[in-house]
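Next up: some structures, all given as structure tokens.
Note that subunit A is present in both complexes that follow, paired respectively with subunit B and with subunit C.
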Partner chain A sequence: MAWMILRRMLSAVGVLLLASIVIFVVIAVSGDPLADLRDRQPPVPPSVIQAEEQRLGLDLPLHERYLNWVGGLFQGDLGPSTIATRDIGAELTDRIGVTLRLVVVAVVIALILALIAGTVSGLRQRRFPDLVLTPMTFVMLALPSFWMAVLFKQWGIYFNEQVGASVFATVGANSVPPPQGFVPFLLDSAAHLVLPTLVLILVHFAAWSRYQRTAIAESLAGDHVRFAVLKGLSRGRVVRSYVVRPALVPIITVVALDLPVLLSGAVITETVFQWRGMGGFLLESINLRDGNAVLAWLLIAAFAVVVFNLIADLLYAIVDPRVRYGN
Partner chain B sequence: MATDTVPTDEPATGGNGRGRVILRRFRRHKLGVAGLAVLVLLALVAVVVPLVWPYGHGEITPDLSQPPSAAHPMGTDTLGRDLFAQTLRGLQQSLLIATTVTVVACLIGVTLGVIAGYFGRFVDAAVMRLVDLTLTLPTIAIAAFLGSVVPTGGVNWLALSLVLGVLMWTPVSRLVRGIVLSLRSLPFVDAARVMGAGNLQIMTRHLIPNVADHIIVAATLLFGTAILAESGLSFLGFGVQPPDTSLGLLVSNAQSAVLTRPWLFYFPGLLIVVIVLAVNYAGEGLRDAANPKAALANPLRTARRRRDADTPPDDTPRGVLDVRGLTVDFGDQRVVKGVDLHIDDGEVLALVGESGSGKSVTALSVVGLLPPDAVGGGSVRFDGRELTGLNFSQWREYRGRRIAVILQDPSTTLNPVLTIATQFKDSMRLAGPLPADHRDRIVALLDGVAIKDPARLLDSYPHQLSGGMRQRIAIALAMVHDPDLIIADEPTTALDVTVQAQVMSTLALARERTGAAMLFITHDLSLVAGIADQVAVMRAGEVVEHADVDTVFYRPRHEYTRSLLALAPSLALAPASRSAAADIEEDS
Partner chain C sequence: MTRIRRLSYIAMAAALSFTAAACTSQGPSNDAQNQTETQDVVAGGEITIAATSPITDWNPISANGDTTGQRQQQWPLYPHPFLTLPDTSVVINEALLEKADVVETDPMTVEYVLQDGVQWSDGTPIGVDDFVYTQAVQDPSKCAECLAAFTEGYSDITSIEASEDGKTITMVYSEPFSEWRALFNYILPAHVAEGYGDLATSFNEGFSKNVPEFSGGPYIIQDYTDGISMTMVPNPNWYGEGPNLETITTRYITGQGEQLTALQSGEVQLVYATPTVDTMDQARQLPNMTINTGSTLTYYHLGMKTTGDVMSDPALRSAIATALDLGDMRERTIGQFAPDVPQMKSSVYVPGQQIGGQEAYRDNMTDLGIGAGDVEGAIGILEDAGYTITDEQLIQPDGTPLRDLSFLTLGTDVLRMEVAQIAQQQLLALGITINIDAADGARYSPALREGDFDLMATGTALDLGPLSMQQWYGTDAPRSFGYSNPEADALLEAAASELDPAAQIELMNELDRVLLGDGVVLPLFGTPMMAVYPNTYGNIFINPSKYGTTMNVEEWGLLAEPGTS
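And now, the complex of A and B:
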């Protein structure tokens, strides 16, 4: 078990290292961050451009730039921004919390709902709840998240106008300024969370509940279930220990693999609801041609994905003894 | 090609035949056909209608912000542009980009997947690391960044498609790799290699055609994802750029108009929903057509029964098991045609027949577990009581306690996530709360099936044990409640020949100790001699001969029995002896 964790961690570090090289090279070769400065009218004196190149390390060869950048990472320095006053690290730490709140709440709720709906659907295929749930998930799978986000936001606004009170907060992650005291702050956060999380939940609920339905259907058709029934076990015991438990394994991988999609979805949701989270940071950085900021964002995303996969591996080992004992 | 003459069982028989079968199955999937029809229709509209439509997508008309009307079926935007023309343009863009993305992603995915699966080892490891790497990158972020660095004038649709394609190939390659991995050890690949085919030839001529149907399904689903990715990027401003337009861009422009000029928001948005829904249903239809799952079994449900007017007479001789006029139908095909079987107390009846003779379906009917698409008929009496028509909880009075079953494949019959002890305890709880000495009782049961040092494996999981061990554990599980009848359905078929003999003697011994009657189902006559009292020979759903074991072996009456006997190796007729406890060796 310990050996397995160590092996997975080493492989995770390897993937992360490789990812850092790839994204560094892609970002470094795709465009000149100083293009705006060079094109400026009237022209900027060459000495200014040179100083800027030096500050950003653009005058060095690629591999030296990479090593400097990685070296900086270990000292908590994410590299200079094209905007001299911007501190990438400080700004990102502020924003991670905002995005994390959105993603974690959405993942937890979507997963719980998907497990319940998928299991019920799988156990009662082509009968009552499944006959409604299956077409419903198909429609949800086809809904573009940006369209849903805009729709919910506008409906929220319309609802607020009709009621004459702001029930749903449609702008930002918190009111400005945030209310004082713990309970009011929590309520304020919740009001802001409802609509954006709903979008993310619907997008992922649909896909995950489909996977869970398939897993249950396959488990149900397995020999071990037939054997359990023939042993004379009760229906509840068969469903719980022989159908559902072995079927919990596949969904773990699916959720872990979906994390990048979740982050992409968060970018869209945050944009529509104007949260100052990671998504907004990415889009601003892209527009500013701030290579190091985009790099930092991608690195954090890659890190999150790798960590999630590691967690998935561990959960796997808990649910499935075949993994635990290194089969 | 030379390999065509070699009788190797290549799964895809000559491309065309299989394609036609899939097509026929697909046509029966109504929603899939509807989805495909909608897609074809939309593609036609995207190509034809813009040629005849009076307005261009960038053309400014004097009608500003008009709701839908006869002249502008989808209304106009604030600049007076015709929304229908813009939506058509968006549809063109979406379909064009999504098609290109799908082609690019499939090319990369299939190439890498086949190579990884075929060569395995280092190549496979390298490709899978590449997949891991690609999966760590959120598509939208990379695509947005690359989209932004293209010089002004907007992203070219081809560049956008290439970027998305390069980021979206991973599911295809995983799928293809998995299938190729399972295909490459099949005889037809070896045969091709022996015939002198090179690696490239094997991959392109033998492997890719065999994964073609899976690729088509994956491509369809990828197409839907590509539509969503493209419109999402355009929505964020990193995809298609004005003055050109796309569905995502149209939705983006209409963000603040949802309540005031709703047509601007709903038409392009709902069109995306319709496209993706159609794609997904078409994909689902294709998937079902390519790998039909014959109505997946559900042992929790009771199968349908034919209503029989004529209940069999009550003068039937009272044995442990008495089967009269048993029939099983799948659709209009009758696979069991009025089978009669009789087993007396403590007697062993061997039900023998080739695969497809209906013997396993007969066994399933006896324990009430026919697949959901089967209809059973006739009478099954156990100890004088009718079993047919019982519901799940009525069945529980018999299953496990009075009728125990041993299934064919020990690698799948035990629950992979529960320990051996837990699976015994589940069975033991049927008779009330667990006794304090239940572990000793399990050890005794395992001891009874010749497992050495049983205490050691109480807390093991099934995957840690060999096939022979697992089948012995299944036998021990069957013995928990001292059943009156054991039904063993080909209990040794999935095992190695050496292990077979040991498991057979274990089974014989365990049965002898409890004195239970047994229905022993096999295709192998050589196993029958040592264990059976009576033999029933089944062929094409009928019992052609039912007699005691000596008669069947020495004076067979039916032609078919004779041919079966001729096939059985005479050596094996000296079988696992009933008192062969001495040569039972632990096989792990």
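And now, the complex of A and C:
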């Protein structure tokens, strides 16, 4: 197991290095980070442009800039931002916290619901409640997430208008200024969390529950299940140990692939509800052509991919004995 | 139909009707207006403003801090010698100054007389040291390392002295500088700078990186949460009238649509933005709102390259200028949502612009026959120059077909894209094919500066009068795309040093006729702006300057008689 983890980590470093080179080159050739500064009216003095070029290392050859960036990484320096006052590391830390706050609750709820709904649907195919759940999840899958987010936002505002109170907040993670006291703060946070969390839950619940349903259906058709039934095991045990457990492997894979994306920023939900998370960080950095900030985001995203794939590998070994024995 | 299926249909129908209810307008639509009259307001209350971008540089006169959003957000924190009124006239800030005048012309000497008791929030008097510091950091001869946004004029100041009582500050310029009122637009506190270090360190680091704990304006920052909000409360040592509102919070919300939704939900109370058809419609559907619309000193215009293989021919440029119907362009673009913003018929002044109390704007286009959509006239010009139109294709005097012309525009700017498409349509009548080059932000500006176009659509801010024009049309100017005309250069130079407003207006209008005659600029309309806020607030105006709506922030307030807005 330890060797497997080490192997994974080493290959992840290679992937990360390659990805950073590609992203670095793509950003470097995609536009001038000082374009806005050069475009000012009245024009900014040439000495200022020159000073900014030096600060960002734009006067150096591309490979030298990349090596400087990699060298800085080992000293904990993520490189200068196109915004002189921006501390990329500090901002990323804040943003990760915001995204985690938004995503963790949504993922847990979505996963539990998806497992339950997918399993029930799979076990009771073309019967109630599958007849309700299946069309419902297809509708959710068909709805673009940005549209769903906007719709929920409008619903929230409409609800507030009807009850004459701000039950649902639609902007940011907290009110400004945030309420004093633990309980009021908690309630305020909840008011801001409900709508974006609902959007994320529904979007992921829909996809994950379909995977789970399919996995259950496949599992049900397996010879091992027939064998367990013929052996006279109880229905509960057959379902628990011979149907659901092997059916967890595909959903682990899917969730392990989705989670890094989510942690890298639920871009649409964050944008619509104005949460200042990882997704917003990436969009802003691209707009600013802030290469070092994009690279820092990439590092986090790549790290998340590696970690969640590793966790998925470990979970495979837990739910599927063949993986353990194979090793 | 089973019971379950029936239940699903009922649930879906209920969800759809709920959605429809949520998305339907709740009240009568609002009409846009251009409110400029001061109203009676009461003390107290608060407001939250939606802003697109947070502050990234706290120094409003540094290269990175001098951006539209940051200027507007930081205006309430600094003393300003002059103010721009909604009608574009520039007036003295009577809270700060008793008067400010050119007292001698050779050498040009300007005298500022401070009001009694003007001070920073910590009680330090605002005085000559602040002017000296603000000038030094924008004068490359005194601080070459200072990353200032603008240095013109400041480097012409040879001395700054104060009278014995400190009330009168006298500045001597080495050269006449007509736009002296545009200088010292944010006066930085010298005593705060001292604590930050030398000139360059205090300017580039101290003022840029630290949230100001001082104020020389009506408000002072109480709290700033990076990327989330900025809260301002009245400056306890404010020396002017007001302010009325007890708290002004700026909330950072990206996207106009999101800002208007936040306005609808009551999470912000003011959206100040450049409207589009969609956002204006959205604003009109919000109940109990005031919508102020107006235009600014920044205007949209077309431009033509005057060099190169085909555009160097004055006849071709003249024909294009004559055939384009610029009024139709206005009608089909901003006319859809800001019908009160007029077509511009001058490239140097916006309609109604006042300079030194005198009407500066003149229609210089009509006499020259520019922008009237006169296709017959344009064909006549071309035929006189030897061109012909065969099979809907313009043939040059040498018998070869005119190549397709490239129209450079900013792909992300809806208005500029629409203007390009209309121009493309209108020039078909001359047998000219236009290829629209919709560049992104990264490519647009370099392409513009390098003259990589035949026609283009862009915007120019006229806040600095002749200096604003010089950056484009002066020979070898910073934004020059190859245009050069000695007559224009001479007029630009004369206007930049002309201290008499009447004479300057004459020079600028003459320059306008030269530029229009060369076809290098075809003005369209001022950039429209909208301010949307609950109709319980008053005195929030469209400010035409680049400093934005917070210029009169101390006058904002809750209406004494709500509903009169």
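By definition in this document, the second predicted complex is superposed on the first by the 305 of 327 C-alpha atoms of A that agree within 3 Å, B and C clash if a C-alpha of one lies under 4 Å from a C-alpha of the other, contacts with A are read in each partner's own complex, and residues count from 1 in each chain.
As a working rule, contacts are C-beta pairs under 8 Å (C-beta built on N, C-alpha and C of every residue); 3 or more make two chains touch, one makes a residue touch a chain.
All figures in this text were calculated on a predicted structure; none of them were measured in a lab.
Participant: Quick one: classify A:13 as touching subunit B (first), subunit C (second), both or neither.
Facilitator: In the superposed model, A:13 contacts neither subunit B nor subunit C.
Participant: Should A:5 be classified as contacting the first partner (subunit B), the second (subunit C), both, or neither?
Facilitator: neither
Participant: Could you tell me if A:156 is touching subunit B, subunit C, both of them or neither one (first, second, both, neither)?
Facilitator: second
Participant: Which partner does A:30 contact after superposing on A: first (subunit B), second (subunit C), both, neither?
Facilitator: Both partners, subunit B and subunit C.
Participant: For A:276 in the superposed arrangement: first (subunit B), second (subunit C), both or neither?
Facilitator: In the superposed model, A:276 contacts subunit C only, not subunit B.
Participant: Classify the contacts of A:47 with the two partner chains as first (subunit B alone), second (subunit C alone), both, or neither.
Facilitator: second
Participant: Touch test for A:39: subunit B only (first), subunit C only (second), both, or neither?
Facilitator: second
Participant: Using the touch criterion from the header, give the chain among subunit B and subunit C with more contacted residues in subunit A.
Facilitator: B
Participant: What is the contact status of A:108 with respect to subunit B (first) and subunit C (second): first, second, both, or neither?
Facilitator: Neither subunit B nor subunit C is touched by A:108.
Participant: Check whether A:242 is in contact with subunit B, with subunit C, with both or with neither, and answer first, second, both or neither.
Facilitator: first
Participant: Shared contact residues on subunit A for subunit B and subunit C?
Facilitator: 30-31, 151, 154-155, 157-158, 271-272, 289
Participant: Mind pulling up the subunit A residues that touch subunit B in the complex?
Facilitator: 14-16, 18-19, 22-23, 26-27, 30-31, 123, 125, 138-139, 141-147, 150-151, 154-155, 157-158, 217-218, 220-235, 237-239, 241-242, 245-246, 257, 260-261, 263-264, 267-268, 271-272, 282-283, 286-287, 289, 294, 297-298, 301-302, 305-306, 319-322, 325, 327
Participant: Can you name the residues of subunit C that touch subunit A in the complex?
Facilitator: It comes out as residues 4-5, 8, 18-19, 21-23, 26, 48, 56-58, 63-64, 66-67, 140, 144-145, 147-152, 208-209, 223, 225-229, 231, 249, 251-255, 258, 261-262, 264-268, 440-443, 445-446, 449, 460-461, 464, 467-468, 471, 478-479.
Participant: Taking the touch rule as given, give the residues of subunit B at its contact with subunit A in the complex, in rising order.
Facilitator: Residues 129, 132-133, 135-142, 144-146, 148-149, 224, 228, 231-232, 235-236, 238, 248, 251-252, 254-255, 258-259, 265, 269, 272-277, 280-281, 284, 296-300, 367, 369, 392-393, 395-396, 398-401, 404-405, 407, 409, 412-419, 426-427, 430, 461, 463-464, 474, 477.
Participant: Can you name the residues of subunit A that touch subunit C in the complex?
Facilitator: 30-32, 35-45, 47-48, 51-52, 83-86, 91, 94, 128, 131-132, 135, 151, 153-158, 160-161, 166, 169-172, 176-177, 271-272, 274, 276, 280, 289
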